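Lettered A, B, C and D in written order, each chain numbered from 1.
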Amino acid sequence: MDYSQFLAMKQEISLLVLFLLVFLSDTFASNRGCKTIGGLTCVLFGLFTLWGFCPVVIGSDTVTAFEGMYETSPAIVAIKNILNVGVLIVLIQSLKWTASENQVIRRGEFYELLLLTLFGMYLMMSGRHFLVFVIGLECASLPLAAMVAFNKHRYESHEAAAKYILTAVFSSAVLLMGLSFVYGLTGSLYYGHIADSMFSASTSNIVMLVVALAFVISGLGFKLSLVPFHLWTADVYQGAPTSVTSYLSVISKGSAAFAFLVILWQVFGQVYSEAWEWMLYALIILTITIGNLFAIRQQNLKRFLAFSSISQAGYIMLGIIGDNAMGEAALMFYILVYIFSNLAAFGVIGAIENNCGKVSMTDYNGLYKTNPRLAVTMMLAMFSLAGIPPFAGFFSKFFIFTSAINQGSVAIYVLVLIALINTIISLYYYLLVVKAMFIKEEDEFTVAPFRSALTERIGMWVCVAGILGLGLVSWFYDSLLSVVGF
Amino acid sequence: MFSNILIYFVVIPVIMLAGLALCRNIKQIRAVAVTGSLALTALSIYLLVDYLGLRAAGHTEQMLFTGAWDWFKPLHIQLAVGVDGISVAMLILSSIILLTGSFASWKINPLPKEFFLWLILLSTGVFGFFISIDLFTMFMFYEVALIPMYLLIGVWGSGNKNYSAMKLTLMLMGGSAFLMLGLIGIYYHSSANPETLTWNLLEISQNGAISKGWQYFLFPMTFVGFGVLGAMFPFHTWSPDGHASAPTAVSMLHAGVLMKLGGYGCFRVAIYLMPEAANDLAWIFLILTGISVVYGAFSACVQTDLKYINAYSSVSHCGLVLFAILMLNTTAMTGAIMQMLSHGLMTALFFALIGMIYGRTHTRDITKMGGLMKIMPFLAVCYVIAGMASLGLPGLSGFVAEMTIFVGSFEHADMFHRVFTIVACCSIVITAVYILRVVGKLLLGPVQDEHHLKLTDAEWWERTATVTLIISVAAIGCFPNFFADLIRWTFSSDIFSVIGMN
Amino acid sequence: MDITILYYLVPSLIMFCCGVYGFITRRNMIAMLISLELMLNAVDINFVVFNRFLYPENMEGMFFTLFAIAIAAAETALAIAIIINVFRSAKNISVSDLSKMKH
Amino acid sequence: MEATIPVLILAIPLFMFLFLGLLGKFMSHKMAGILGTAGMGVTLLLAYFTAYVYFFSGTPEFVDAAGNRLQFVVFNVDWLQFYENLVIRLGFLLDPISAMMLVVITTISFMVHLYSNGYMRDHHGVYEHGFQRIYAFLALFSFSMLGLVVATNIFQMYIFWELVGASSYLLIGFYYVKPSAVSASKKAFIVTRFADLGFLIGILILSYYTGTFSFTDLTSVNVATDTFAVNLGTADHIKNIFANSAVPVFMGGSVLTWALVLIFMGGMGKSAMLPLHIWLPDAMEGPTPVSALIHAATMVVAGVYLVARLFPLYLMETTALEIITVVGAVTALYAAMVACTQLDIKRVLAFSTISQIAFMMVSLGVARPEFHEGLGYMASMFHLFTHAMFKALLFLCAGAIIHAVGSNDYTSMHGLRKHMPVTHITFLIGCLAIAGIIPFSGFFSKDEILSSCLGHGWVPYVWMSFVAGLTAFYMFRLYFLIFWWKEHKVPQGHHQPHDQAWPMTVPLVILAAITCVAGFIPFGKLVSWDGVSYDFMAHFDWSVASVSLLVAVVAILIAMKMYMKENPLPEKMRNALPALWTWCYHRFYWDELYMFITHKIIFNGICRPIAWFDRHIIDGTMDGFAYVTNKASYAIRGLQSGKIQMYVWVYLIGVLLLGLVTAICLL
């Protein structure tokens, strides 16, 4: 076989190399030396991220390898780079936590697992054969279970991990079941072949396919935590260590969303209007509404952000409707902005949690009086998530709505209207946080003034810069739009 | 880009924001706020002169000082600016009110710095909204102007402020939800050729590609969206609570300028772009606005809280604005814009005075006050003048605006319009009732509470604010033709030929 | 009599359903894990059968099954580890106690 | 004639208002008084000059070859343009009535300015609080009133109409600490405002159909001999419009009728015609000079002036004139009856004012060109003139008395003739004039009114003669009760009442003098509805005159019999017709009726329910959305039960629903 085709997967390979470097240095480092692994990983990963932006990696057009099992294109590289940036921020933000005394015995495990999951996500997005996809999926979700259970001394951590692994395996079983039917009906697991054989497929087969499709969607919906496949999300987010939660909420969601887009359009694009358009509408409405309704009542901020991220996933789905480059670009842009906004929020939560272990909204009362910078960062994150101009969230929301309406039917107007009305509810609960920090008077539970670690501050600064810049500077969106296109 | 004068209406506030961020003490903050708003006022007046000069020189484009710079090119989103008489008038209004507002909040505490930061951010949105002619940027600035209200009311407000702030923000956001859908819809029907879709108001109105069917759908969306901010019945209830809880300067800016965004948008987007639908559906909204005119006035008659009274009268007056806009003829619409100016100024004056009185007596309940004329004559006299302006005394701004509206509305000879015009006319009597009620209870008569006897009259900054506003109110009232001509130009242009407007 | 494809599909479907049923009803986490294994194996059977009966020309299904088995093994291992963790901290492995975080 | 002097006539009072209003508190009281009076004096001279030039210069722009008066627009500047032909202009129109009004207003106003110098201080010469303020307001009022009478178009009239309303509001509420004054001023403003609503709508209708505001266009109607130099084009145009069948007819009345009636409604408000009269008696809460100026002489006749202004239009639609007649007649009788029973000196004068204005209205209503070339028009203008003089005189006397006695109630006066001779004489002259005793001015004007009534029919003639008798009766009741009845006894701690200082007495004397001679002015030569001057003595009807004179004398004798010496007769009278007396005394309960309507019906019946509706229904709906959302979020929280198996259930159901529903839809 032709080994040069491995060159197609530059990022995967370099990621593996990076992983090996970290792994080896972790294995052979002394107990003292291993304290530097975190820093080392960050540096290496920073370089890796930069490497992702090299023209060599981006390439110019779509490249396939292994008889089309693997595919890369500027768009895919772009989404990978977006995720890399997010991962980099997560890594930087988690340095302090991993250095804390009850984590330091774990040495570099956190980073190794994290890099592995990232590798899995790469495969999910680049795979053009369901085998590759499934391997990527599992590779992305199993290590996460371990990471969720990372906090040895917190019961919640274990409960969350157990819930996660059990439901994850269940959903993957269902997904595989669906895939088996797909295979049975079309005789192939290549995306392309399945799509082709849909032309010839008879109606009854189409019906079977639709049922199978429902199984597949459920599997992906689980990763993306769409209602009704979302129930694990809140508990896991709450129980997991904050760094893991932030990773779960942005990176794995982002990758799943993109993979979802690819599969739906490249595999089932034929049966869009008859089969899954309405499924998607239903899922979107449910996801946004239920997520919002649950988020209203939450007191624990991590749980709160879990539900907010659920409804955000619903908005992301809007980008999939309407088969056009605009939608894809809007989706990627949304993910990008969402990464920055959410990570800013998690950065603040993590910083405060690491400092005094408080995650309840009432602890944030009058935060602006004690820690103005954290409060402002949090506020920016909330406004961006709520989609308030001039912050990036507004632009991503606007673009995703615009791309969705491009599809043009009356139904889509109604759908978008429902989504827009939901933004009011979401604005309500985001403002609750702002209210706690700025309007409520501080009491004895309020976080005392403290100085957060340099790494955390770097992370927040980057996020704030992103929140302010991504929208107003049109370069980001334009360049995304220039690379997309099937 | 920076050769265009209009850009500076956004640049100056941004500079002010930066300056405020660097301020260390209250003196510097005041300095920045006052110099900045003075600069804006000067700029707007210069713009007015320049504009009139160009018109006199025979420039007959719809908009002057136009400029467009690509922003999100693939989506045809531009940073497009341009003004006509209406925008110029609105810009002057905003700058004056910002100036007086910063004087009125001279002694704001706590957190003066943050207060002014939010206030200036709000006005950035306002100015941006009035200069931009690109639907996207317009909408963006619109929302920029809305959000600061939440914190301004929540942190510096009084009374039931949490509830009011949340209610105001959510209701206005509800409006802008419809608005966003409407705008996106307009975008997709802005041109017959999908390659040349545009957000640019002028191009859209020239293309006139929005089919009637879509207009029927999009017109209500946009009109209601803006109408919520214009306090259109029944979407007005945010306004009494919001105004009542907001701090002085915020009430001034909000009632004086922000509510005008509603009326302006209703005209500039809903009616300007979809005249046919406006012509056919106007009656629905005429009923609503006609109701809100008398409705607001009637409910103002029984309130006892000064700010509630004024908020309801704002409902009534802004209702008159939308009412006149929907009459779809030159005179009435001119009157509508003049009413915007006049209401903006006099309601700002009202709220300023209420704030000053409240700052002294610490109550806004008119049953607990009385005979203030003896204690604080200056403020009392100013209040009477404001009241006279509001009940339409000739020589002050209210009269000319209302008369223009009534004469214009009366051009419709059919029974429906006649009846509603006369109903609207009735509001001038009711207005007199509640204004005189307040004046009688609050300022005249014996002193109710002897603790008030040792209160002082206005300080110099308060005098500055009120006098500035009174002068501008009187200016409109005494030389109305100047403003009328400034405004009328837009309507007399041919865009409304589609609906046979004179 | 000849063995048609249904002779394999129906049992696999039954297996799958049993797995689901077990997963939903059993309180013991280990038992739930076993039911999961049932479901996964049902999937494996499907793949193999489809490959063998419908598309014998290439081995896609077979390979998929191999990978699936491996993945299932990995999942089980990880799950067991986590369950042990839970046991350590909660001193039992009844799933009904596993609902501290809710609403 | 060039515009400088007319401009000054308007500008000086306006300037005085701003000057005294803004800088008043920086100058001494005396200074302010002198400045104000001086300013008004100058205006007076200018106004006299203008009137003189208009009437007697005989320049062709004022008088044509045949000696007929012309309308002349001195200047007319655009103020606010609605569209091409509909423009509000501020201008200065000279014609007989406006010239006449200039004289009246400036005269009375000057007298009042002078008088206030004395009135607005106590016996020790200490100036009242807000002395400068009253001069500022008086100046404002004079400005507005002058602007009203010289208006060139109906909208300018409306503008100044509102301004006089406002200044009257300010002046009534001058003693703003007195709650009664405050409520009185509020009442006055709101009632007139309500009337102005009608005026405004009338203007809207009229201007919509005629397409003009300008008086010269509107009234250019050639009924008999058109002599006003205006364009006949509009005249025919107007006639055609209203002749045109396309013009809708609303509730029986033609559009023109409605317009005119609505406009007259404005006049009813200002001129206190029934049923909009209730504000005037209360308006007496203001300082007496103010009452003399505004509520006796000038502002209250604005309604009459308005009708006179549009008289040719009214001639086109005599239905409106009939209405005016009826309203006027009823009001006259009503006010006269009430006046017979009041105890407050100023209230009596107020009601007599109402009654007298009603006289003018009636005489306008009955005026027709066919009869004595519209004698009624001239008569009402004449009566307006004379009434202004003697009513101002009476009020100023009353002011002097009140100032001396320190009370409005004349049960505390009695027998003042010895103490205040000057006041006594002047007051008597005033009474004689209003009673219509020859040769005082009132006789002539009232006589012409009666004869024009006669021209219209017997009913109005008899009716109005009866009212005239009542007038004589209650005025002399007032006179005798104040100056005779019994000896004056000074209450403890009060000083002896006496004539006031010269600033107060001089105006009395001057006005009394005018009252004596004004009757002999050949008014017909100066004022007539179409500018054709004629000698009204030609129309003088001795039978009518003698009858009215007889009635007046009889009435006076009755009054003398009842009130000259203290006697039980009045008691007897009262007990004879208790019901009538009570109703008159309580002014036929009009105020109570209004109280009921405004308070019970409008305030409690409309405003409160609306406010409640707003708070509870509309606002409730908005809060309801929030409430429902919250409830929903509580209702579904069970979904997140924390149990894995539950989660998986939901998951499965979701999958199956998703798959099966779509499958079914496909099949």
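The rule is simple: contacts are C-beta pairs under 8 Å (C-beta built on N, C-alpha and C of every residue); 3 or more make two chains touch, one makes a residue touch a chain.
Since the structure is predicted, the reported quantities are computational estimates derived from the model, not experimental observations.
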item	value
Identifier of the chain whose CA centre is least distant from the whole-structure CA centre	B
Farthest-lying chain, centroid of Cα atoms versus that of chain A	D
Chain pair, C-D or B-D, that carries the greater number of C-beta contacts	B-D
Chain centre separation (chain C, chain D; CA means) in Å	98
Cα-centroid distance, chain B relative to chain D, in whole angstrom	37
Mean-CA-position distance for chain C and chain B (Å)	65
Chain centre separation (chain A, chain C; CA means) in Å	27
Two or more partner chains touched - positions in chain B	170
Touching two or more other chains - residues of chain C	23, 32, 98, 100-103
Multi-partner residues of chain D (each touching 2 or more other chains)	626, 637, 640, 642, 644, 648, 652
Every chain pair in contact, whichever chains are involved	A-B, A-C, A-D, B-D, C-D
Residues of chain D that touch chain A when the two form their complex	626, 629-630, 632-634, 636-637, 639-640, 642, 644, 646-648, 650-656, 658-660, 662-663, 665-667
In the complex with chain C, residue positions of chain A that touch it	130-131, 134-135, 138, 142, 145-146, 149, 155-156, 158-163, 165-166, 168-170, 172-174, 176-177, 179-181, 183-184, 187-189, 234-235, 238-239, 297, 303
Sites on chain C touched by chain D in the complex	20, 23-25, 32, 95-96, 98-103
Residue ranges of chain D touching chain C (in the complex, touch as defined)	637, 640-645, 648-649, 652
Residue ranges of chain C touching chain A (in the complex, touch as defined)	16, 19, 23, 29, 32-33, 36, 39-40, 42-43, 46-47, 50-51, 54-55, 60-61, 63-64, 67-68, 71, 74-75, 78-79, 81-83, 85-86, 88-90, 98, 100-103
